[in-house]
Amino acid sequence: MQVLKNKQRENVYETNQLNLWYGNNHALKDINLNIQENNVTAIIGPSGCGKSTYLKTLNRMVELVPGVRTTGEINYRQHNILDKGYSVEELRTKVGMVFQKPNPFPKSIYDNIAYGPRIHGIKNKKVLDQIVEQSLRGAAIWDEVKDRLHDNAYGLSGGQQQRVCIARCLAIEPDVILMDEPTSALDPISTLKVEELVQELKENYSIIIVTHNMQQAARISDKTAFFLNGEVIEFDTTDKIFSNPTDKRTEDYVSGRFG
Amino acid sequence: ACGADQKASNSSSETSTSAQSEEQLQGKVAGDGSSTVSPIMEAIVEEYAATQPKVQVSVGVSGTGGGFEKFINGETDFSNASRPVKEEEAAKLKEKGIDYTEFEIAYDGISIVVNKDNDWIEDVTVKELEEIWVDNGKKKKWSDINKDWPDEEIKFYSPGTDSGTYDYFVNDVLEEQQLDKSATLSEDDNVLVTGVESDKNAIGYFGFAYYEANKDKLKVVKIDGVEPTHDTIQSGDYTPLSRPLFVYANNKALEEPAMYNFMEYALENAGAMAESVGYVKSPDNVYEEDKKKLEEFKK
Amino acid sequence: MVSQKREKSLDVQQMIADKKKKGLGRKAEKIVPILLFITAAVSVLTTIGIVFTLIFETVEFFRRVSFWEYITGTEWLPFAGDPSYGVLPLVIGTLKVTGIAIIVAVPLGLAVAIYLSEFASDKVRRLIKPILEVLAGVPTIVYGFFALTFVTPMLQKVFPSLEIFNALSPGIIIGIMILPTIASLSEDALSSVPNAMREGAFGLGSTKFEVALKVVLPAALSGVLASIVLAMSRAIGETMIVSLAGGSTPLFNFDVEGSIQTMTAYIVQVSTGDAGYGTTIYYSIYAVGFTLFIFTLMMNLIAGWISKKFREEY
Amino acid sequence: MAYINHEVVERQMTKRRVKNTVFKNIFLGATLLALLALVILLYRMITQGAGYVSFDFLQNFSSRFPEKAGVFAGLVGSLAMLAVVAPVSLLLGVGAAIYLEEYAKKSKLTTFIQMNISNLAGVPSIVFGLLGLTIFVRMLGMGKSILAAGLTMSLLILPVIIVAAQEAIRSVPGSLREASYGMGATKWQTIRKVVLPAAIPGVLTGSILALSRAIGETAPLVVIGIPVIVQFLPAGVLSEFTALPMLIFDWAKRPQEEFQYVAAAGILVLMVLLIFMNSIAVFIRNKFQNRY
Amino acid sequence: MQVLKNKQRENVYETNQLNLWYGNNHALKDINLNIQENNVTAIIGPSGCGKSTYLKTLNRMVELVPGVRTTGEINYRQHNILDKGYSVEELRTKVGMVFQKPNPFPKSIYDNIAYGPRIHGIKNKKVLDQIVEQSLRGAAIWDEVKDRLHDNAYGLSGGQQQRVCIARCLAIEPDVILMDEPTSALDPISTLKVEELVQELKENYSIIIVTHNMQQAARISDKTAFFLNGEVIEFDTTDKIFSNPTDKRTEDYVSGRFG
């Protein structure tokens, strides 16, 4: 049954011959990568190899950097998001993002979660209350914050802040969640919580996670892509990447010989 | 209830004043001009505000020239002046189609003062005055003017070059010759007072009002035997250092009841107010004439 | 496909899609940048306005007075029977005051900046900086009276030959007025030198003074120089202090004990004075205003050039 | 091979540490000197003016009698002018700052606007006075009104406000913007709901200091020709008025010595107003510092 | 012979019951740690565990942070450096430091290296030239920069900058070199170079290195200390720590179960 389900999974993203330049810096080179839904896909690689860049291309956040150019295509649910005409705002309501450092808004916890629904026009107090609770529960932090929803989010610990950010992202019920080293600024216990959360979330969401912690990738992902110098060196099931990689460089990296 | 009471009392006071044929007027009157005239004008405006609180009179102090500039531009209803209007200004006024009336409101006597400890000077002739103040290209000592006077350098204190007082002094006393270049020039007459007060070898001149207010600190110099007092200035004995002060009114503005009323009040009280702030009344016939000129605009 | 997922109590994406259909306008996205651009353009319009204001009367002035006389003449006697309009005495007056102000403000301001950024604790800095900024906020008219009625008499006790109006007293006071500008902006520049740089130097056994002088100050040089130039342009444009305490005697010499007149003080003198409308004197204030404008423009270009030239990359 | 003789280094260390201490004290001395200047200034103003400040002084119009003279018209006039300056300069300044920081592309035009702003910041206030006189008072026919003076002062402090607002906006971490964009917010939504609220304390701090400058400025008012003999309160923005610094300037020139003290009392009122505004700025700065 | 040498090694640092607070944050707790000379000692542990803090205490750099308090003692060559009377400047001329991010001064390469000698009173141009060359050679970067000694150090790549910083530190001929994650901002090749350099330097210097890369610690250090929450959990030979740790938490950490 599990096998059958796997087979049925569709691709959320199909990346074809993606190239990206920051000015003259060729940061992504001929990327081809298909990402399945309801899966955790990990992206690993040494610092500066283009992991974050690729992730930010998936919701076109990379465009915020002046002087960025791309070629190739990224199809999200069969539509090329790199098309000029594609509405980034719509894309980003479907594709949520969690960042390396927790970045709650300097507002109350409630307002943080309600931010997304509100900007999309949902004003009804009752509905918002429901969304807030549901999202905080979804991010496994409801019990910790339910009594202080109207306190500033900066009063929380780093780990709690990060889960509030995840909740904020869940509040618009995205299809995909992008995570850029979501635990690298967290303590071991918070890390564990977030890792468990990711495992739960993949039931309903497609998750793409960048991590510098190879053990983390091994623990929580279904598939892993290894990036090096802007190229995808190897993309396969996580088991394969960590136990029996095809490429020598992948092996060197996962065994800690550099990076 | 309180508000209603106030209204009632207001209206009752209105009726009582109108009974005295002083109806409550409303309106705005704007003036500008001479800093010399401004103390008189301030006194008038202050008193006037008590009789006609709803007529808003504002007066700037941009100097006679600055005042005329605004008068010519039609920005003001009247302009204070420490000299008669200049030809260029009159021409501009004509060009702009602004008719105006000149009212003389008081006299100012320019007072020559020296330090209290100065015991050699009592009385000078106009000639000597000229000799003292005219630039001769080098540093001047008292003894250069009169052998009996001390062998010490004279320190000069004069109003700023762009003031009516300076203009008048240079024109009428120095006959347009260069005033001594070492003079301390100040736009603020109090500086002159302080300067003369603190230096034994100082000499200075400024408006009579400044002398009056600082009588105890300064010694005034007689000109050809005449000391500047209210009487000598008014009578014209104190020459050539007394000059008339004026208000120029825009004729069109005078047709407005508020402006007319204000000017009427101003001319009525100009003499007294001038005296109260240290200037000198003009002779009574001057005010009579002024009033006649004004009455032509009565409606 | 999406709906096939879990049971949802709320379908937020559906709600969002509904709101979209109702057409929450995209208009703001288009209009707002235009409105904001207009507000940004106001500053440009202001400059155009200033030039426009000054240029016509200035041209009229130069129709009456030769440009050459104006920029090379050493006599400024607009009220004399035979007037002369050489602007150099006014320029010299301005430069004297500015020079004294800079001599006072630069060493003091830099010392304060270094003290606050390198030696003082965070608490002390947070306390002292705003207090010093009060000095920059004191109205210049207040400084003017302070200079005239307090500083000058004090200085006269030290220098008996000092006149009531002089360049020294307003110069010193302007120096005090611009001190916070230099201190505050230089402190910002020093503080923004990355701590890594200090740590590197401390790690080699430097004392604080050595770190400040040899590492931090050179690294912040562009910011420090820019603050000085900015302060200078404030000193050049300062009006009330020099009007009240500097006097109204434009002389072409380098004496700081005697009365002077600056460009700004001249404008005030005429603005409150007796000169008739339409006279050459009237037009001259616009010419002098224009000259001032050119001066500050030049200072600004120099400041820009300095920050570019000395900008440290780190 | 050893070049560093640690014994020599040790010997020199004492000298270097002494030098460090000496200079630290010199720098401290300079700081105290600057503070001392402020103390003397304040002390003198208080001793000169305090005797004349009273409730009546705040409530009276100016008068030819020193004991009756008061700041009422000037105080109300200055505050009324501030009521024009604050919204106008904040709206224009913050708007321009948002444009430059968030919308403007790196182009020649943007560089030009930026250069122009820093240049305007250096233009003497008296030149702004000439601008106000020509454009607002005369060309636009506003007269010597609160509006004309207020707009002139707004332009005068505009560059300061723009720069302060730019800095505040720049210091909002990019991560907050990214978070907002990541939720599908549009640019304007992000600015309005995330960037501006986070930047407001910084904007206010810089702006209040600029506004207090507008209250104390005298030269532009002198050039515009704001009247000083005013026995009424302004009725609207187009009304004529007088301002505190103008009254001070006028009183100080009066012949009677007592007016020197009236002027000093006026200065005291002005300074209290300014210190009050500065304290608000400091309060905001300390309260909202380092929130993220 | 190797064994003999090991026995003769003296302790450069002896830390006894060191406690440190940042305000109320108790960042180091009862640290006892002896560090041998001519050795590479690695300090590992998750983010925020106090590694950098401990390192910075060894040259009292931690004092630059306002509100720091310490108790206990750190003896450097038998003198307690936490004594008020101990001259920090002198300490720091004996104990060099290399930071996580390369931090050359914004000056020429030459002036960077000559900075230390100069402040210590060496003015002679010839001597300075010699020191600069020797230090750059020592940091294995002489060949790459010898033709551009008077160019700004910021023109170099990150890896080169880091080696210039090491050279700058060598120029004052310290006894001990402290390194705080010296390769974490570097690419794999630069990392390798720095690692090799560390191996060479230990012949003449005592090196203490903080690293988040466990493989790196395993590769280059002789002894390893594992920190957690401000405590030293385990301190032993590197072999022991990585192959057979005593503490369960050490094992969890080195096997990548958190951090």
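Just so it is clear, A, B, C, D and E label the chains in written order, and each chain counts residues from 1 on its own.
The working rule: contacts are C-beta pairs under 8 Å (C-beta built on N, C-alpha and C of every residue); 3 or more make two chains touch, one makes a residue touch a chain.
No experiment lies behind these values; they were computed from the predicted model shown.
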{"item": "Of all other chains, the one whose Cα centre sits farthest from chain E", "value": "B"}
{"item": "More contacts between chains, D-E or B-D", "value": "B-D"}
{"item": "Chain centre separation in whole Å, for chain E relative to chain B (CA means)", "value": "83"}
{"item": "Whole-Å separation of chain centres (CA-atom averages), chain A against chain D", "value": "46"}
{"item": "Between chain E and chain A, distance of the C-alpha-averaged centres to the nearest whole Å", "value": "36"}
{"item": "Multi-partner residues of chain B (each touching 2 or more other chains)", "value": "35, 61-62, 66, 187-188"}
{"item": "Touching two or more other chains - residue numbers and ranges from chain A", "value": "90, 93-94, 120, 172"}
{"item": "Set of chain D residues in contact with two or more other chains", "value": "9, 16-17, 186, 225, 252, 260"}
{"item": "Chain C-touching residues of chain B, taken from the complex the two chains share", "value": "34-35, 61-66, 68-69, 72, 82-83, 86, 88-89, 92, 160-164, 166-167, 176, 178, 184-188, 191, 194-195"}
{"item": "Residue ranges of chain D in contact with chain B within the complex", "value": "61-64, 137-138, 143-144, 225-232, 239-240, 242, 250, 252-257, 260"}
{"item": "Parts of chain A lying in touch with chain D, wherever the complex brings them together", "value": "59, 61, 64, 66, 88-94, 96-97, 99, 101, 103-107, 115-116, 119-120, 154, 165, 168-169, 172"}
{"item": "In the complex with chain B, residue positions of chain C that touch it", "value": "78-81, 148, 163-165, 243-244, 247-249, 259, 268-279, 281-282"}
{"item": "Chain D-touching residues of chain B, taken from the complex the two chains share", "value": "28, 30-32, 35, 38-39, 41-43, 45-46, 49, 53, 56-62, 66, 70, 73, 75, 187-190, 193, 207, 209-210, 212-214, 276-278"}
